[in-house]
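Just so it is clear, A, B, C and D label the chains in written order, and each chain counts residues from 1 on its own.
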Amino acid sequence: MIFSSDNWAGAHPLIAESLVKAASGYASAYGTSDLDKAVEKKLSEVFEREVAVFFVGTGTAANSLAIASANRPGGHTFCHTHAHVNADECGAPEFFAHGSRLAPVDGLLGRMDPEHLKTAIRRTQSGGVHGGQPMAITLTQATEAGTVYSLDEIQAISAIARSNDLPLHMDGARFANALVTLGATPAEMTWMSGIDLLSFGGTKNGCWCAEALILFDTAKAREMSYLRKRSAQLFSKSRFIAAQFDAYLQDELWLDLARHANAMAAKLAEGIARSNSARLAWPSGSNELFVILNAETAKTLQDKGAVFYDWPAPQEVAATMDSDEGLYRLVTSFATTQDDVGQFLATC
Amino acid sequence: MIFSSDNWAGAHPLIAESLVKAASGYASAYGTSDLDKAVEKKLSEVFEREVAVFFVGTGTAANSLAIASANRPGGHTFCHTHAHVNADECGAPEFFAHGSRLAPVDGLLGRMDPEHLKTAIRRTQSGGVHGGQPMAITLTQATEAGTVYSLDEIQAISAIARSNDLPLHMDGARFANALVTLGATPAEMTWMSGIDLLSFGGTKNGCWCAEALILFDTAKAREMSYLRKRSAQLFSKSRFIAAQFDAYLQDELWLDLARHANAMAAKLAEGIARSNSARLAWPSGSNELFVILNAETAKTLQDKGAVFYDWPAPQEVAATMDSDEGLYRLVTSFATTQDDVGQFLATC
Amino acid sequence: MIFSSDNWAGAHPLIAESLVKAASGYASAYGTSDLDKAVEKKLSEVFEREVAVFFVGTGTAANSLAIASANRPGGHTFCHTHAHVNADECGAPEFFAHGSRLAPVDGLLGRMDPEHLKTAIRRTQSGGVHGGQPMAITLTQATEAGTVYSLDEIQAISAIARSNDLPLHMDGARFANALVTLGATPAEMTWMSGIDLLSFGGTKNGCWCAEALILFDTAKAREMSYLRKRSAQLFSKSRFIAAQFDAYLQDELWLDLARHANAMAAKLAEGIARSNSARLAWPSGSNELFVILNAETAKTLQDKGAVFYDWPAPQEVAATMDSDEGLYRLVTSFATTQDDVGQFLATC
Amino acid sequence: MIFSSDNWAGAHPLIAESLVKAASGYASAYGTSDLDKAVEKKLSEVFEREVAVFFVGTGTAANSLAIASANRPGGHTFCHTHAHVNADECGAPEFFAHGSRLAPVDGLLGRMDPEHLKTAIRRTQSGGVHGGQPMAITLTQATEAGTVYSLDEIQAISAIARSNDLPLHMDGARFANALVTLGATPAEMTWMSGIDLLSFGGTKNGCWCAEALILFDTAKAREMSYLRKRSAQLFSKSRFIAAQFDAYLQDELWLDLARHANAMAAKLAEGIARSNSARLAWPSGSNELFVILNAETAKTLQDKGAVFYDWPAPQEVAATMDSDEGLYRLVTSFATTQDDVGQFLATC
């Protein structure tokens, strides 16, 4: 009953198998091998457009490079207050982008409120040179709150990006989970909706270490190749990242894994909706659930081996909670079983 | 007949097997798993001392973090002119260390000349605040020229480091290859000889992606943990790096692999010494050979499938070469076979 | 009737005279002249303690160097939301400190609320390596809201700094104005109250360009000398900054100028308190007033030549304002005359 | 007899007078005053072209901002080995440009050798992403060796810049000294010869602190305004820099001062040419002379009050020196008198 994070899971057997296959033989280094090239081509097919692909080691690296590529002195990158870039990356985006700033924007359930975003951009512009300048926007899909931006909501953000001439980045650490929820195509959820750069995450969804920064404007690729190398993110045996993505994209494995994780979350949600000792804090659309449990139930679950984290409650949720209740996050993954879910529900 | 680089090889079967084993089950993320801890402990045993271990994705990352941890404004990090940090990392060390400078020091065959090093340090100190200040020294073992610093030579450098109060870093991308050449223990070749930080490379010697920055002063570990995360080098599924090192260090696999690679290089060297159409540019002590071939021989070899790179000839070597000769680098690895060597020698 | 900013004033005649005197003759460069040394000594007397003095060109430079000297990877520097470093320096502190972050803390009228500060520090500490780490605290005296921290209030902040082992910086762009308001000594308002570094501003109070970063811990001076030079803030003809401070500190000129500016502000405040068409938004303690005017009065004043800026109203103030009212900032300086004040009051 | 540096002189009386004039009255801050605008316009006239002007506090700032504006990841800025940016700015250019590298190029007497420059650029380009990429070229006019690039020589460099698509910066800390030597117009020595950015120095030639970064491509002005503010180089009372330049440019004062300094150097050179105990190390073309003195003469001069620095001798010069001889630098300025020169020559 591991619901702590999708990065506690290992790697899917097909991914592991692909790694083993890649282990033998020689391949040219630093992303130049046939396998690297084949996977890059495959990604262009997946996105129905020629894309530039940069394999990197971590989601933080992909996000930070995306932001760094938009760099302007005194620049502000607008993101949700609880976005991973802002809350969980130890300042990597600011380091990669030479001290430019992340400008947090509020919004319910992990999604930036377009009006707040506009206000934040205007405020940055109002101070002349003293207040700095807008530089980029980044949104997270699925969000840190487990919710998913609809295509319309993404387009509302991208319209603001366009009208302010700002590049729009999507942190897709849980890209597949959002995609299958929306039932959209990768193209529809990205460049067709105005996304310029994408952190395409495979790690949380069954790879061990497979992240790709995808540029929909291939003219930016040359500069990014130096940015990546300069950031120590160019892997000599890059083929092993390619090998993971190769299996990941084969026969829609990536979508199947996301569908499974989401289905397990949905099942958990259904059970919790029927429970007397637990309730959902808000509806989710991916593989993350936020659940209110009383202390006793939480303890019982943990005693029985369930692993999950408590979570800071947003004010509007805290207002609905009793003093002995807490907010908890449950994350499912490709590895979550019906059994895990059943055991959890049996207790709460 | 792939002699282009040891990073063209894949992963040793035992490493691949360990990756597969790690793929199943859950493990806590970000370097906190039991396996991560066990490998860290194992490394303390290997080095006969409590060490702080930081797994990272690339050798460039390990080197750059080491340098960054010594950061001083206007700082100069002394390295050999041809060191990987200076010649092949696209400015990553300067980026990680906020614009501090790499100060190249000459020396024959990849080894910094202690007298040149002293002069370079003195020169930096002579300009007052305008000229900046010494900050660190980094040496490469084995060197980019395939040579190996003796323990005495390392200690000559570390004496200079001590007397100038500078931390001394070793870039050990080919640590194992140098170690087996010297017949020294890991402790002797590092902290017992005055090394403060070590980039302990596994990738070139049979892992797919296993690099560790090792601090012999564990008091520096806290700050390094933030430096690593801030540089996007903390892997969520860190256990997969641990798993590689686990197999790598098991039953001295790492030393066996290095001995094999070195032996293949030695065999090549012996054959070349007997050849009429090839000669060694200088004696090597690791898995890299530098060979002078005439154009025809080089072409014939390449036509038969040998892959190797030409290399810029140092002035003193160029002076000994005919106009139709070129300098070439041959690198062996764990994967090099007697057959590869035999085929090569049969042609030259 | 120039109330736009104290930096619209020129230089006091005694400062200008001192510049002229310094113009003739030779002096050794880069802060090594006798005059430089004499002024540094004088500052040690002013602060009743040996201090290390770094002349720089702008307040932004002094603030940014102070923060840079505390640099930690993933570091957070806590400051008031409206602090100059956060709102008006185009990211200079983040740039100087290599991408470390400014963490805004709320509090009424420009002063950080100690409880909010504690919460913000705790929050930073709670995320492990992902959330970064506390690095420094900076407060502004007098604040951007024209208010002044009492000695007790400074000490409440410095107690938090101490218990978290964080250096405490004071942005003293209007140091003298606050000092004469409190009737404290420079020592009392700084190191005796736990301040570690001070941006000691002369520019706004009658110099043309005289800012000094003062370190109460002289052991930090060596590193700062490199930080300053590396930031292009070491002036070759540094004696001209020294000359300004020489006159500034002579016979308490600096305190007289601040007393005058404050007195002019107080006179304005008294008049406004009696006015029907204007009222103070909040009580001030320095040379900045925040005034609520209706649109008509504001326009009349501007038509008569008064220059002043409108200001974003804090929520609690906005709640008290009519729809045709606006919030405005009035700043007095050494150059403000009784006449200016009289003319202004005659209209409102 | 102060020949240590032109920055040991103070400010010319007309400059000081202009500062006094600027001291009274109000002016809008941060470079927006009428005087700022007037001087900017005047500079456009001086350069016979619309230019964008950025006043800054130090030459190091102007140089570093110029380089920063060309920033590329892994970038190399080519400069002469002994250029001020490389030897005397404590890494400010690398800090401002986020860790990009200065790539030293040799050449006789302070001037980059075009062939060496081409080789250095080619070398940078040859390493793929690992070796970084060319980013900018900077030359110093007059050079650190007191020599002056002819227009042809500047154009030889700018042709290389053009063909490699690199911006070309001129460090003009001693711009006026070079200009009057060449008898060229400011336009001819800069944009007409392919210069893109100029550090236009006034400090060494009679101002106290007046440096301007001049962009010949005004489209780059917007970004530079943020770069300058972000680097803490935007002065609130900017009018005082403008006031210095106002007097400096009035009635060709700047050229007269440079002519005087150069004439004093020429007089010194003539006398030294006739001396038995001193000789010129090489012919100079500006206000810096490099002189070989035997130890006794040097000591006698210093005993009589002459101040000058010894200088590291280039190899080809050292080869011509006796063991009791040293190389010394003599710098004249607007403040040097015939008397100073006469006294010096009377002794050597």
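Observations, loosely collected:
The definition used in the following text is that a residue touches a chain if its C-beta (ideal position, glycine included) is under 8 Å from a C-beta of that chain, and two chains touch if they have at least 3 such contacts.
Everything quoted here is computed from the prediction, not taken from an experiment.
Relative to the C-alpha centre of chain B, the farthest chain centre belongs to C.
Of the two chain pairs shown, A-D and B-D, the one joined by more C-beta contacts is B-D.
In whole angstrom, the spacing between the mean C-alpha positions of chain A and chain B is 34.
One inter-chain figure worth recording: chain A and chain D are separated by 50 Å, centre to centre, where each centre is the mean of the chain's CA atoms. Between chain B and chain D, the centres computed from C-alpha atoms are 42 Å apart.
Taken residue by residue, chain C touches two or more other chains at 30, 73-74, 89-91, 95-96, 98-99, 129-130, 132, 226, 229-230, 234, whereas all remaining positions touch fewer. Against chain A, the residues of chain C that register as touching in their complex are 73-75, 87-91, 94-102, 127, 129-132. Those residues of chain A that touch chain B in the shared complex are 2, 4-5, 7-13, 15-17, 19-20, 22-30, 56-61, 64, 89-92, 95-96, 203-204, 208-209, 226, 229-237, 239-240, 335.
Across the complex, chain C is touched by residues 30, 68, 72-74, 98-99, 129-130, 132-133, 223, 225-230, 234 of chain B.
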